[in-house]
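Shared between the two complexes below is chain A, which pairs with chain B and chain C, respectively.
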Partner chain A sequence: MIIFNLLRRYPIIPAFIYTVLIITAVFAPLISPQDPYKNSLRDRNVPPLGIEGSKSEYILGTDPIGRDMLSRLIYGARVSAMVMFFSILIGVTIGTTLGLISGYFGGHIDEIIMRFVDIWAALPFIMIALVVVLIYGQSFKILVALLALMSWPGPVRLVRAQTLSLKNMDYIASAKIYGASNIRILAKHLLPGTWNIVLVAATLNIGSIILTEATLSFLGVGIPPPTPAWGAMTASGRNYLNDAWWVAFMPGMCIFLVVVAGNFIGDWLRDRLDPSLRQLN
Partner chain B sequence: MALYIGKRVLYGFIAIWIISILSFIIIQLPPGDYVSSYIANLAAQGSSLDQAEAENLRIFYGLDKPWHIQYLKWASRIVTGDLGYSFEWEKPVMSVIQGRILTTVLLALFALVFTWLFAIPIGIYSAVHKYSIGDYLATFLGFLGLAIPDFLIALIAMWFGYSIFGWSVGGLFSPEFGTAPWSIAKFLDLMKHLWVPVIILGTAGMAAMIRVVRANLLDELSKPYVVTARAKGISEWKLIMKYPVRMALNPVISMSAYLLPYLISGSVIVSVVLSLPTLGPTLLKSLLSQDSYLAGGIIFLIGIFTILGTLISDLLLLWIDPRIKFEAR
Partner chain C sequence: MTKKNTKIEKQKPILSVNGLKVHFFTDEGTVKAVEGASFDVLAGRTLGIVGESGCGKSVATRSLLRLVDSPGKIVDGEIIYRGDANKKEINITSLKTSGSDIKSIRGGEISLIFQEPMTSFSPVHTVGNQIIEAIKLHKKLNKDDAKGLTLDWFKRVGMPDPEQRMNQYPWQLSGGQRQRAMIAMALCCDPKIVIADEPTTALDVTTQAQILDLLKELQEENGMSIIFITHDLGVIAEISDDVSVMYLGNIVESASVDEIFHSPKHPYTTGLLNSIPSITNKNRERLPTISGSIPHPHNRPSGCTFRNRCQNPSDDCREGKIEMKLIEVSPGHFVDQCCINCG
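The block that comes next holds the complex of A and B.
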């Protein structure tokens, strides 16, 4: 019962999943048992250990061209973590800046930025990503740029709300009386007050970023092959569902776990750090 | 009120105009034009096209004019319902996508209705029975729907359908109805196939909607008027349904407008996996082969659906929430 209560109060399992993700991402070359690019035509679709026909060197089996699943999953974690890190960094930086400006200056600037956020959030994003990738080609940079462009509106809303409530406080007024410039007030006095919110906004974005990356990779417009990406790995198992379910299932499970864990951590952080946004009453 | 509706419709038209420009930019963006990719295709097959013939083709398709003239030509034809000519299919864009428009709209609409049908009652239940096992279960299932990628659910559905029930999940029509004209039998056949993609698409938006309904209803339930009503002895069912639920449903309506582009985007993926005859796979193919008028036309249509969805949800809000009428005066 104590354990259950702990699990309910703190996101222990999600935090564990993320620790594992980060460790595997950082130390992928050390952990992975085999070369993720080495294929072996004799060992196609070898099942994971414990299923008839498995081989001891392939713990989680192999994919349709005989590459080790476990090693590819580990390197896939690296790709996902990198995509996640860079696109959230860029997206949240843009979002925070615009949110601060929008909340602090108000008026027409606020109106324009918020209208733009509304329109942006209503765009069918996957379609746009498809068009852009088909025109400019597949690359890691373009994918990160696209995901960053997808993820900035959320932070704008959250940071703006926080800025609105901070800017009427006395310490901002006294900074103004002392003659501090707008930029100084924004950077020195308002930005530190929004760190909590920025962190919440960043974690809340994790899930959708991973999902979108996986979807684009699944459609063949994400990370260029042969770099292992979970979405593309799932896609490669599409035609083998009946004889080799693990090819699609295992990377799919990885995506699922990371997204669920990200959502849980995001919700928990929000409830913790920002009572005003609390949804769980 | 007429002014309010008029304003909304006007905004809609402005948005459609912007979308038409965007679609045209997409048509123009790829390097080269249709003729150059046509020549490349011919070269790949071993034959060639001389310079003069290529120029003739360009003039024939109007590709030699500056882009704003091309846009005006394209836009003025759109008004009459002519989306241009698909180079690859060698017939008008309209006749290529005609059959697919209805299936796309039906898929998105049914997915939306499915989301409503399940998310609203579950959300209400979750709020009224806060912190019960049912509430946790609903939250958990919602999370599952949110976190499993659409394509994975589609694959799982295909796998289950095939290995357990022996169905081939995929497509929207049985073979005998594929090209048949619309009839009641064909519609029924469509319904038989449509529910799988509808469920797959609907699950993703459901979690978000359950949480919105739950959070809003919880806010309402703690307000004094609910306490007053309860003190007066109104039955619990009537008490919850008559006022707090009505209040809590407003954001659901405005959220649906945001859900629509998301559903249409999502339908691309599900359609590709399950090979459904919707606009999604056609769009993908047309972008790959630089069939610019077809791609631009589809993007334009999808844009219009989105705007229409927003407009309809605005009008629904007007009908459901009288306060907007007062503000609009």
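The block that comes next holds the complex of A and C.
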């Protein structure tokens, strides 16, 4: 019963998944049992342990050119974590800044920024990503930039709404009276008041970032091969679903777990940080 | 309260507001929040501005600091500030809203005590830090001196455990303590005028009395002028030297506190005074009320704004022919010309 209550109250399982993700990402070279790039055509499509034909050195089996699945998943965690971290950092920074400016200054600036956000949100993102990669080629930096550019409009709206309600507080007028500059008011009085919103927005973005990264890698415009990325690994397994299902299933499962865990943590944070939504104490 | 020399000397007021008009240009139309208000603030005295909710008290006084945000705009009138006898007069309405000129007036010359002490401090910084920052900006002191001065002020406003309170966040303080801290913040830069925008409305009556006493005490020590905004006539009687009664964006009557309470001229003032419950009134009569309700600021009546609620308006007044203008009926007692005889 106690365990059930704890699980209900805190996102223990999602937190565990993220801890594992971060630890594997950081210590990938130490943890992975084999070289993720080393192929051996003699060991093609070896099934995971427990299935007939498995080999003891390949715990989760091998892919169609004989690379160790587990090692590739571990290195893939590194790629996913880095993509996630950098694109959310950039996206949320841009989004928060624009949201603060839009809400605080209002008027024409607000109108321009918000209409721009509307237009941006209507862009067919995957198409643009395909074109950009076509022009500039595949690279980690371009992927991160694309994902960051995809994720900034959400935080703008949220932060703007929060800023609008905060800027009419007396302490903002008070700060003006005592000579605080606009930048100071934005950074010291409004930004701290939007932290909770930003944190929730960032966490809830994790899911869509990872999924989009996977989609792009699946379409072949994500992380350039042979770097192991979960999306690309899923893609490479789709031709072997009949005789080597694990090649697509393992990385797909990883994507699923991380996205679900991200959403759970985001929901939990939202409930915790917004007192009006708090249900359990 | 010891009334300071009730005789009004021929000394120039420290702040004169003449025909101030503040309009809000909204999508639904222009809201004339303040429409030609005039009042004077004398050095070292307390001006009470009284009026019901929405009559423009707060907007009028916030314009003194140029804190009226878009879509609000000062469209007419002047605010003359004579802070220093030697310096020349400053017309606050002609200053830019974000220039260094207005910044030197805000906080340093004129400061503001807010109504709601909960929202007047930023919840993410300690109370002490917010005051220290204000002092640092205005007095060009270093951090330690500013800290010492803040502690001094905390002691002067009667904050219990001043050292400890300085390091606490606003929500850790009680309402009365927060208002004391607010007063410390408003006074720390030695302003000549303090605008108190209903500073006691959010407090219970005992704390209210303490805060009023504190303000009077500090006024005697520092000699600053206070503009006290409230809708509580009891508070006005307690703290003010002069009173201006505001109705729908205009000052309709202005006099010393004794004159207002003992020989009110404007029907609105009379109405307000009559509607105060009296402890001696034994028979269970209904309180007199002012008939009608305030017109919406979108469609103000022309001429005398009070005419549709007045008991016995003159014919000219009823048709809205008489312009609003304050005239002096006895020394220092100004009443809107239309309503001299209807009160």
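In the analysis below, the second predicted complex is superposed on the first by the 274 of 281 C-alpha atoms of A that agree within 3 Å, B and C clash if a C-alpha of one lies under 4 Å from a C-alpha of the other, contacts with A are read in each partner's own complex, and residues count from 1 in each chain.
The rule we apply is simple: a contact is a pair of C-beta atoms (placed from the backbone, for glycine too) under 8 Å apart; a residue touches a chain by one contact, two chains touch by 3 or more.
Just so we're clear, the structure is a prediction, and the values are computed from it rather than from any experiment.
On the shared subunit chain A, the superposed partners chain B and chain C are arranged side by side without overlap.
In the superposed model, A:177 lies in contact with chain C only, and not with chain B. Note on chain A: of its two partners chain C and chain B, the one contacting more of its residues is B. In the superposed model, A:189 makes contact with chain C only, not with chain B.
In the superposition on chain A, contact of A:121 is made with chain B only, not with chain C. Shared-chain residue A:107: touches chain C; no touch with chain B. In the superposition on chain A, A:56 makes contact with neither chain B nor chain C. Residue contacts after overlaying the shared chain place A:5 against neither chain B nor chain C.
With the two structures overlaid on their shared chain A, chain B and chain C come no closer than 12 Å at the level of C-alpha atoms. Partner chain A is touched in their complex by these residues of chain C: 62, 65, 67, 70, 98, 103, 106-107, 111-112, 114-116, 119-125, 130, 133-134, 137-138, 185, 189. The touching residues of chain A, when paired with chain B in their complex, are 121-127, 130-131, 134-135, 207, 211, 214-215, 218-219, 231, 234-235, 237-238, 241-242, 245, 248, 252, 255-256, 259-260, 263-264, 279, 281. Within the complex formed with chain A, the residues of chain B that make contact are 26, 29-31, 130, 143-144, 146-152, 155, 158-159, 162-163, 211, 214-215, 218, 222, 257-258, 261-262, 264-266, 268-269, 272-273, 283-284, 287-288, 295, 299, 302, 306, 310. Considering their complex, residues 106-107, 169-171, 173-180, 182, 188-189, 192-193 of chain A touch chain C.
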